[in-house]
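In what follows, chain A forms one complex with chain B and a second complex with chain C.
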Partner chain A sequence: MKAFRIPRLLQFVLVPVVVYAVTRLIFDVLLGQLIPASLMTMYMFFVLAGTFMAFTFTEDGTRELVAPIKALVEDPSRKWLRNVVFVVLPLALGFYTYQLRTPKPEAPLELRSIHPAPPSTVKAYDKRFNLLTLENPYRKLQKEDPEAFAEMVAAGAAVYIENCQYCHGDKLDGRGPYAQGLNPVPANFQDVGTIAQLQESYLFWRIATGGPGLPKEAAPWISSMPIWQDFLSEEETWQVILYLYDYTGHAPRSWEHE
Partner chain B sequence: MRGVAMKLILAAALVVVCGLAAPVQAKPGNAENGEKIYEKRCLGCHGEEGDGLGPAAEYLIPPPRDFTLGLYKIKTTAFDDDIPNDDDLFRMIRDGMPGTAMPGWSDMLSEQEIWDLVAHLKIYAGLEEETPSKQLDYGSQVATSEDSVEKGRKLFHDGDRCSECHGAEGKGDAIKKLKNDNGDRTWPRNLTKPWTYRASSDPKDIYARISVGIPNTQMPSFADPKSKKKLSVEERWHIANYVVALTKKGLEVRPENTVVKAKRIDGEIPAAIDDQAWLQSEPVTFMLVPQIIAKDRFFTPANDTISVRALYNERDIAFLLEWDDRTKSIPGDAKAESIADPEMGQDAVMMQFPVTIPLGAEKPYFLKGDAGHPVNLWHWTSGTTEAEAAVAMLDGLGMAQQTPREDGGGGLTTGSGYQDGTWRVIMKRSLTTDDAENDLQFEEGRFIPIAFANWDGSNSEIDSRQTITTWYWLQLEPSASAEPYISGIVVALLVFGALVWWARGAARPGEAA
Partner chain C sequence: MTRRSRYVTWAGLLLLFGAILWLLPIDLGQLDWQSALAADETTTDAATESDGAAEANGAAESPYAPAPKTTAADYPQIAGVNSRVVVWLVAQLHLWFAAFVLAVPIFVFIIEAIGMATREKRYDDMAYEFIKVSITAYSLTAILGGLLAFSLLVFYPDLFLYLSTIFKETMFYYALIFFAESACLYIYYYGWHWLQGPFKKWLHLSLGLLLNGVGTLLMFLANGWLTFMMSPAGVDPAGVFQGDTMVALHNYLWNPINLHRFVANIAYGGSVVGAYAAFKFLSARRAEERAHYDWMGYNANFIAICALLPLPFAGYYLSAEIYAYSQQMGITLMGGIFAWLFIIQAVLIGTLFLSANYYLWCGMGRSDGAVRYNHYIKYIAIVLVGAFLVWFTPHTLVLSNEELKALGGPYHKYLGPLGIMPAKNTAVNVMILFTALSFLIYRRANRVATANWVRMGNAIQVALFTTGIANIFFLGIYHGYFTNTVYKVAASIPQVLTTLVVIVISTLIDYFMYRGAKDVAPLHWGRVPGRSQYALFLLAVAFTWLMGLMGYIRSGIRQHWHVVDIMRDNSPDAFTPTLGYAANVVSVGTVIFMTMVIFVFWLAQVSGSKAEPSGYWKEQQA
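On to the complex of A and B.
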């Protein structure tokens, strides 16, 4: 008894389709993390290239793969199907081209670096800070004087609630009451991809100089982050940084651990 | 026999209705654990004593709840019972209060933790031993229908029952100064914006607010038999259905709407705000955010969205801006001033464009431009008792540097009107000018950055005290071109030719193989 086998050409088509569908299912549906279109295109390019190489590895395999295509034009019994393909394929590609060339009202993509490389020194509070060596002056209290440290964190909490929660949210999740009206959206400190990846000196730079202090690749003209050195003292800036790490349970990166 | 059957059916209906009313079942919470959670998550806004006097109290509108009063907005006990159900408290913590700084906590706290918090909150008002005696009677819900909505509409306006505060069109614009029991200013809900409802726009929630009222505010109970405006259960369902129908369709903020599409029309651009021609342009609505970025910062806005339509012809471009504002602010007008919070300014709106359409990603700073990137600011003001509404052109080089043109309007013309809580303003200019150095030259098809700012003069919004948007896009919809059709046909013919060539090659054995 001969077992049913999916024709090789159909296999060749099915593999990328299934890979695409499963990837979409896992990321978009199950995890709720949309994959950027550019990343998906790149990934699918490698999947297609890989599938092509695997299916044309042996000559017999290649022959079996292209046999149905060759039969389409060589086998007189397939004439009817051939005529259909010869009409449908040019029409489909013509329509695709038409769609591609029709101007769309979609806004231009704005690519920006979310965590740009910091400068080595930064000017704030009428002083120059070396970001490579700058440390949170109150961090050491965590070990030396936990009570004083807790007071510092509480002071930071008050600074946060009074100044930051409107955009970054009560839960520090970047979803404050005004977040929806801002583009780019406020940073989500709960996310492992933000403050958990950064040193406290980086946060000091970002808070003190705000959106306008960003380098060009980070599109400073659209960031709604205020220049906080105009509103907060140096001490308050360090306190609020303590609070961000304390509330989220993240630890700042530091030279010591690396 | 029939009587017994009837009673059984009624009892079954009651069980179903009560089941719907209380989707969560109260569980005993651990108040001690609740206190710990409170200290970490709630104290910042609601204060150490639970009195709503946390560090941000004066910067939040509405202010954080004072738990010591034991009064809550969302309450499904009977109108004459001040105590809320545990389920009500649970729900407010779980889902938060839309349109306020209070977020929903279901993603950060477990159900048990929320019950613990409920137990803790009750202590602030000495409610831990109290149980509500009476529940709100939902009766049997009247499904919405044209007939029910029409009945609701009549009841809403009958004797100014609801329109007294909520306005003729439900936008909360009735000229009345409302206060809560503590003497703080409050505003009636704009019922056309269901996303600002503190509970939800489900008819059941609306029914509950109408029946119970909103404790600590001037929103009364319409179930109270002593009320002159009292309503039967059925009538309250009709009003709930009417309120749902008030929703402003097509004017809600959608995150995917980032482009204002200017529609090309033949002939003159309409000069009247209510001209039907404006309906050809699909409105786009943006969220307004208070200006909390540059000095002086502003935290307590009144207006929350702005909708934009745009039309253009071969000569001009015009925008119709529309936004809900509860108060028409005309300084000098005695009635307007009696409603306004001092100091009163004019209502105003501003559109912002870069002087040159950016070629790359670089744009002017979104807050009125910057030194290297000037912007054009189209500034409309509502006028005073001495001056009419007017439009001015300003050159912006930043928040602190906005210079009015010497000729005032800079080629802008305007028309405007205020009705039932909504401003509509037209601003029009020619597509191009002969001063390309200082004026934006509009171009078909290009994506042009556009931003907005708004002032409610009765809410002391003057100068930097304003609401703003970040950059969005304007596109003058390009006129139809034949190019896409031609490309499509060329590609189809080429592919067909290649296929025929291939088939011919294959048909000649020896050559192809």
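On to the complex of A and C.
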């Protein structure tokens, strides 16, 4: 008895369908973190491209793949099926396009960069700081005087708990009591993609000048971050930066080995 | 002196001169490394001083004027012409053609040398055909270069004056060196059939080396001007030139750009001549012609892949240096407003890898023995697509409000970590390794190894790939996510070395294992599907688009500065355009370039055809 083999065209359709279903199952259901439609569309486009490549690199394989389509178009005995496909397929695609393009009550998608580029210099505490060369003045204590450094970190922790945790959370994960009321939600410092990627001068700029200090070049920015130089001293700002890195275990971006 | 020894002497001198010229910019760069660094430090440290004081100091000590402070009135306008778009498109077109005409002589030189070593004339013919294509492109490069210079003079006179004050010597010698470039190219091309034979061929090859030396020097000079605009050196904070052109030329980003462009040009040149071969293949009517252009396309694709493999590393080195030079430019580049264009860049780079692999797989159809390896291809495709998906996964997602709420923020808990460089580096190394694997399989497709250690050789290769991939993952995950940024960035180097070691050793093993191997059957050149030729077209178009996009990003990260932190752009166009607008301009440029390239291909085709009209010319009496 001849072993059953799924027709090649059906295999070609099934591969992306199965990839899609499994991905949805894993991320949406099991992990509870859905994949956004914009990313899923890109993923599926290249899964389809890869499937096409794997199915068509030989002549025999390509012939077998397109044979049913060729037969549908050329075989006179499939006239009815052909007519049905030629009506249903454009209608389905048209309906999909219509659904895609119909305006919806939801706000349009927004391209938002989480890390706006800092200026080269910034004015804060009545001084001008060069962000290209600015360093945390207390960072050196980490090696030179660990006890004094620990005191600085503890002082930074107190500043953080008094001022920052309401939004950024007591675990520094961006899930403070007020976080859900903000859009976009506050930065998650535990994420390897936030402060671990940045120099301390960047944090100094963002904390000292807050939302209103964001660059004009890519306005409008949305940020609820207050101008902390109005509430914290320069020393407190550096202390809280030490605390952010100390608590999360990240190291600030630098170019020198220890 | 005999004729033979005269040729040998000339060839030796030319070879030596070419080699010196080729290495000259690098050597000069090394000599001035310390002073360039010192100049950078001076510039950045001094930036904390007030502008007025610096300006006064500079004016007092230097005979040069500070950088001009322009107003909108200093930028002449022509009704109905957008000056920025004109300069943007002309510069980009010039660069595309320049990359092509600089790259072709590099691999023509190598192919000619291979032809001389193997004494197979088909290599010589192919090299000649490649250089023939680049000749028309050469004049277009010069025309566009002239148009660019005029456009800058007309629309940005103050900027051009400022740059030419600093680079006056190099600009003058650049123009003179262009004569040398033209002379070398024309003698190299028109003397191809003349300089044949045992000694003349050496002379011709030496001329090729000289041509490459001159071309590379030209590119390095122009690179110095544009990188000065990004990372100025040799000037004080007010832009007052300190008098040392070499310091200005050898600024912080000069060598990273030199390296990146040198490698990228070869890959790009390979892809464009690959498109030419595909064009000729598809329009060929005879089987021999199809076989010839199939072989030519294969070689062009091979060149493109060889240069494509190290290209991501050269790009990463450039980006890391940009970040190291300026946090502001680095974040603008990859984390700020240009980050979304980087996603498109990632998609295009992935497309290059996919199309290059697809071409190799289709090419296995030339061999009767390929069927033994066909079943491996689907696994390679799965890995390539998987790595590609990681490669372009963004860190910050485009989300609808509903999705934002469902995720609880703009970051994805599981996919977010794939958005940063360690994941990208791991993915691209895997893509490169599997592209190399595709090539190894392609090489084996038509051969049967006869060595008695084949099993052991295969086992070593499997072990190499397995441990190599494991090491790449370890370096990417451990150093990328559990150490600080210094080690994270530094880990990319052992990752690259791992990839290179695996490729080199496994290729060597393959070489020895298949030495003296039997062919299954003669290779059927020309027996490839038309689809494979469209993959070659896709390679050239994706490369062109990619270069246009990245060229815009490289220039655009200066934002509202002509020369970063030194000379402000006060023209009416001193704003960063929207991503859609920039992508449209780049796309229009790509279409214009591809149209011009088709014109070049067509010219190469008509130059070989000859019509014999009957009754048009008077009969000549004997």
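Please note the rule applied: the second predicted complex is superposed on the first by the 213 of 258 C-alpha atoms of A that agree within 3 Å, B and C clash if a C-alpha of one lies under 4 Å from a C-alpha of the other, contacts with A are read in each partner's own complex, and residues count from 1 in each chain.
Here is the rule we use: a contact is a pair of C-beta atoms (placed from the backbone, for glycine too) under 8 Å apart; a residue touches a chain by one contact, two chains touch by 3 or more.
All of these numbers come straight from a predicted model, not from anything done at the bench.
In the overlay built on the shared chain, the residue A:D230 is in contact with chain B alone; chain C does not reach it. Residue contacts after overlaying the shared chain place A:N183 against chain B and chain C alike. Legend: residue contacts after superposition of the two complexes on their common chain; A:W80 is shown touching neither chain B nor chain C.
In the superposition on chain A, A:A107 makes contact with both chain B and chain C.
Contacts of A:F4 after superposition: neither chain B nor chain C is touched. Looking at the shared chain after the overlay, A:H115 reaches chain C, while chain B stays out of its contact range. The contact surfaces that chain B and chain C form on chain A in the two complexes overlap at residues 106-107, 110-112, 175, 183. Residues of chain C touching chain A in their complex: 44-45, 47-48, 324, 326-329, 331-332, 335-337, 339-340, 347, 350, 354, 357-358, 361-362, 364-365, 374, 377-378, 381-382, 384-385, 388-389, 392-404, 406-417, 419-420, 481, 483-486, 490, 529, 531, 559-560, 565, 575-576, 579. Considering their complex, residues 27, 31, 33-39, 42-43, 46-47, 49-51, 53-54, 56-59, 62, 106-107, 109-121, 128, 130-133, 174-175, 183-185, 188, 191-193, 196-199, 201-202, 217-218, 250-258 of chain A touch chain C.
Listed in rising order, the residues of chain B touching chain A in the complex are 40-41, 43-45, 54-56, 59, 99-103, 105, 107-108, 253, 255, 258-259, 261, 286-290, 292-295, 297, 299, 361-366, 370, 373, 445, 447, 469-471, 473, 475, 477-478, 483-485, 487-493, 495-496, 499-500, 502-503, 506-507.
Residue ranges of chain A in contact with chain B, taken from their complex: 70, 73-74, 82, 85-86, 89-91, 93-103, 105-108, 110-112, 157-158, 160-162, 165-167, 169-171, 173, 175-178, 180-183, 212, 216, 219-222, 224-226, 230-231, 247.
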